[in-house]
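Structure record follows, encoded as structure tokens.
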Amino acid sequence: MERKPYEKVGLTREEYQRIVDILGREPNELELNLYGVMWSEHCSYKNSKPVLRMFPTSGERVLQGPGENAGIVDIGDGLAVVMKIESHNHPSAVEPYQGAATGVGGIVRDIFTMGARPVALLNSLRFGELDNERTKYLFEKVIEGIAGYGNSIGIPTVGGEVYFNDCYRGNPLVNAMCVGLIRHDDIKRGTAAGVGNSVMIVGAFTGRDGIGGASFASAELNEESEENRSPMQVGDPFMEKLLLEACLELFKTGYVVGMQDLGAAGLTSATSETASRGGSGMDIDVALVPRRETGMIPVEVMISESQERMLVIVEKGKEQEVRDIFEKWGLHSAVIGRVTDDGMLTIRENGEVVGRVPAKSLAEDAPVYHRDYKEPAYYKQLKDLDIEGLEMPADFNGVLISLLNSPNIASKEWVYRQYDHMVRTCTAVVPGSDAAVIRIRGTGKAIALTTDCNGRYCYLDPGVGGAIAVAEAARNLVCSGAKPLAVTDCLNFGNPEKPEVFWQFRQAVSGLSEACRALGTPVISGNVSFYNETDTDAVFPTPVVGMVGLIEDTAHITTQAFKDRGDVIVLLGENGEEAGGSEYLKVIHGLERGSVPVLDLDREKKVQDCCLELIRNGLVKSAHDCSEGGIAVALAESCISGGKGARVEFEGCKRSDLLLFGETQSRILVTVEQGRLEDLLETAGQLGVPATVLGRVEGERLEIAVDGQRMIGLSVKELETNWRGAVECIMQG
Amino acid sequence: MRFGVVVFPGSNCDIDCYHALRDVMGQDAEYIWHRATNLDSFDCIVLPGGSTYGGYLRCGAIARFSPVMERVMEFAQSGKPVIGISDGFHVLTEAGLLPGAMLRNRNMKFICDNVYIKVENSGTPFTNLCGDGQVLKMPIAHGDGNYYADSDTLREMEENKQVVFRYCSPEGHITDESNPNGSLQNIAGVCNREGNVLGMMPQPERCVEEILGGRDGIVIFQSIINYLKGGTAGGKETL
Amino acid sequence: MFYAKVFVTLKKSIADPHGNAIKEALLSMGYDGVKDVRMGKLIEIKLEDGSSAKAQERIKKMCDTLLANTVIEDYSYEITEVQP
Amino acid sequence: MFYAKVFVTLKKSIADPHGNAIKEALLSMGYDGVKDVRMGKLIEIKLEDGSSAKAQERIKKMCDTLLANTVIEDYSYEITEVQP
């Protein structure tokens, strides 16, 4: 049976009816396509919106919450941090280099659109296990793509995470995050206002790229179009660098009313969203849009996703000044229309109106769905874990080495060595510690940045897993000496039309929200990516948390590396013996099940506050949180980073494997000078946080005993060789 | 002293050089747009790192034709110091101001890391405060730093002491292991025959403050200042 | 022995930043008349094979599986028989 | 209008890790018989010019000044006349 035109653009019968109601008539082909792209899940969040309302989005420091190109949080001194994370999963699965590269390009534009100077990039990545050529290829090319783009535009890539699990084999996740700095006075928004002001398009020419994926209702499409459409784009970091510098220069003139990058749905979303936000309308002529190709029809121009373009709303009469700036940077710019006050998006071709719809109806009036949800059958089943039945490993040294060799725990140096993480000379803590630290020139301050999410936890328990992602991110920042300020999130899930997937989604958002409230870190921006699945299965629910924190004084910057022999190692928080969902269970026992670690948000907050207080009091020489691989891996990492050994003793334990490798939450390892140990213990006591002396930094070996029995004894050299070499070894082998 | 930092389309480390010279070294520094046609007021020209013209075609190949480059060549011919760092080194080889050319790193990957380099010639305007054989720790960040020159050129360079830096181990041994990118004979930096034009892949502007993990880059800039003030090699005690 | 010259180019509708930069550079160097520049890869392969037809078939397969990503690239090749 | 295909390749005496990596990949995929792989650039130029001889001359000059770095690269080209 022939599909209806609205079905071809991905709309339902009801949605079509809604359009007819809005317009009071049938839409023409072009208009129908505009609704098709703007009312897609990707642009309209029609499935996720009601759930996202759970997020706390306001707070003292929030200058801009979700809804703009990026969120903004105050850091004092009249300065603010702008940040956002975004997924580029599907393009990266098809063309990993360009998919990842254009992902970086897109997120960078989101930041400088707000008037901010981008100062750091992070990336959160998921791949299948590295046991096959295809996955290795995807991994290798994604990293190259991120590096190729980020290195070329001169923004340091300072952090991120990479995990490997079979569930991501057919559907890797590539999330890119960008962070910018701005003065409060310079904040710009994506708004079109002021009747008669000019609408300009600047940067790259428009072609048929990025529209191959969209389906068309159109019978009028000519062959030239069909043949030449491509779903993929090639990133041009050089153009982006010029665009970045030109836009920042342009903002200084004060002639800019609003700016928006052309991302998903290209010109359609940029025009309708800016008009809608400004409560205005817009009248544009597609014939004025500079093109790279011949024979393009209006709909192609309107939804092309050609990269490295921006829409700029300019004060009337200042067009030439704007042109001059872009010309200086070797870029094209063109006036394509003007702002109106009729609320309509009017599209012309050579003066003749070819489409006319209310701008707001495209940008904001998509239907909202309250999807069905249902607890998946696996949820209860997988909680079962026969701990008694787990064989006690005979060789703990072997276990530790296996964990350090697991690509999920091993050093990601092979990755970040390919990223220029030092350009702009502000990176005070380079990748390899709990969080990256960027100093803020002209102040004594710095910001700390991290991304976190344990997909396995989120699969086993999306609610707790989501909360742990927030808790771990905050903990990583605190370990670096920062007070956590705000969150940007990227929610990667399967098909939301499946009730089980939607259940995961709701649970996860609820968990994230609860933790964000408890830890005082509102969500200021984010992104949802659904349909991450292949024929066989959906990916683990993976709600990636990007977080920024503020370091009031660069003297507080702290890293995970052990500093001096003789320093005392203290645990803040309490050990547990939890096995569920751990990397230990996966690597050693081949199981991905059990109850995920318990998270008590009160306790978590106390431990974090305590750690930060101790750092600010100058008592802490190193701090490292316990996450994947447990306290044994945390100790090993601090030894490796510092090039020093440690001797540590634990007491009162039932199962030493779970004590050492279990992933109990709310624990931070700190070191302190012997002479200040009392101060530290006293402060912790006052703050109601258990603090236990575990041992000392000493020698060249990591020695761990439990209840008087020596469990682990390995040279730091050996630890390091395994941990540092694991990923490279796999990639070269 | 007055330093000019050239800004090509795609330069990234221009701001880093500028900050290092002004805020850390306390010198007079100014950006020079790539279309500039007058360099008279400058004592030293810096071609910074980055990705000029996206590194498209070959690194430095297009920037080399920027209008300012003719002036830079005259500046160099007049004997004044010119330093090209990373991508700036590429521009200098492409422009023929320095011998040789750069290939892709031998592991085919971009590398950002700290490396060690040994000062092979402490008699240049850029190294006169270094000891001969001194080892410096410095970051690199490049994908095409694999230095190449044919054997005749190389011999000539050796004879003229034009190899200024070589990659080495922390102890100063020139080993293949300490060669990050496959450069011929571990070459990390070279100068022209006259010694007033230097190209180096390691980036001294990235290590001029403790908060960045080291200060070994300072001696390079200090040497230039020393040279411009009329000082020569052996001025080590002024550091 | 066969010698194959494989050309891998970006699909026509995809922007080519490299080609573009080269074009602009040539124009600014005074080479007017340059209308378009595209940059692609040239992969030269020396291959031992039974027959020209078989070499042909294998090269095509290499292009499809490894040498080009046909989502964004087109390819073509020329094969000649050469002395080993 | 003239259409030039410019081939830029690394000099024979210089190792080509990229070509090598492709060769190894092809071999591991079972394409035995692959003896050598070299990776170069293909630059396609559309050029308006008075005559074929002039186009020829200009392309050569472009190669010498911009398109190839003759310290490490060789170049060659083919020029055909085409409809604009």
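Labels for the chains are A, B, C and D, by order of writing; each one numbers its residues from 1.
As a working rule, a residue touches a chain if its C-beta (ideal position, glycine included) is under 8 Å from a C-beta of that chain, and two chains touch if they have at least 3 such contacts.
This one's a predicted model, so the numbers in the text were calculated from it and none came from an experiment.
Here A-C and B-C were compared by C-beta pairs in contact; the pair with more is A-C.
As a whole-number value, the distance joining the C-alpha centres of chain C and chain D reads 9 Å. Distance from the chain B centre to the chain C centre is 36 Å, each centre being the mean of its Cα atoms.
If each chain is reduced to the centroid of its CA atoms, chain B and chain D end up 31 Å from each other. Touching of two or more other chains is recorded for residues 17, 21-22, 25, 29, 39 of chain C.
Contacts with at least two other chains are made by residues 53-54, 56-57, 62, 65 of chain B. For chain A, residues that reach two or more other chains under the stated contact definition are 236, 238-239, 330. If you draw each protein chain as a dot and join the dots that touch, the picture is not a line, a loop, a star, or fully joined; it has some other shape.
Two chains count as a pair here when they touch; such pairs are A-B, A-C, B-C, B-D, C-D. Against chain C, in their complex, chain A makes its touches with residues 94-95, 98, 204-205, 207-209, 228-236, 238-239, 292-293, 306-307, 330. Considering their complex, residues 10-17, 20-21, 24, 69, 71-72 of chain C touch chain A. Contact residues of chain D toward chain C in the complex are 1, 7-9, 19, 22, 25-26, 29, 31, 33-49, 58, 62, 65-67. Of all residues in chain C, only 17-18, 21-22, 25, 28-29, 39 touch chain B in the complex they form. Chain contact summary for the complex, chain A toward chain B: residues 144, 147-148, 151-154, 236-239, 241-242, 329-330, 416-425, 427-428, 430, 439, 441, 554, 557.
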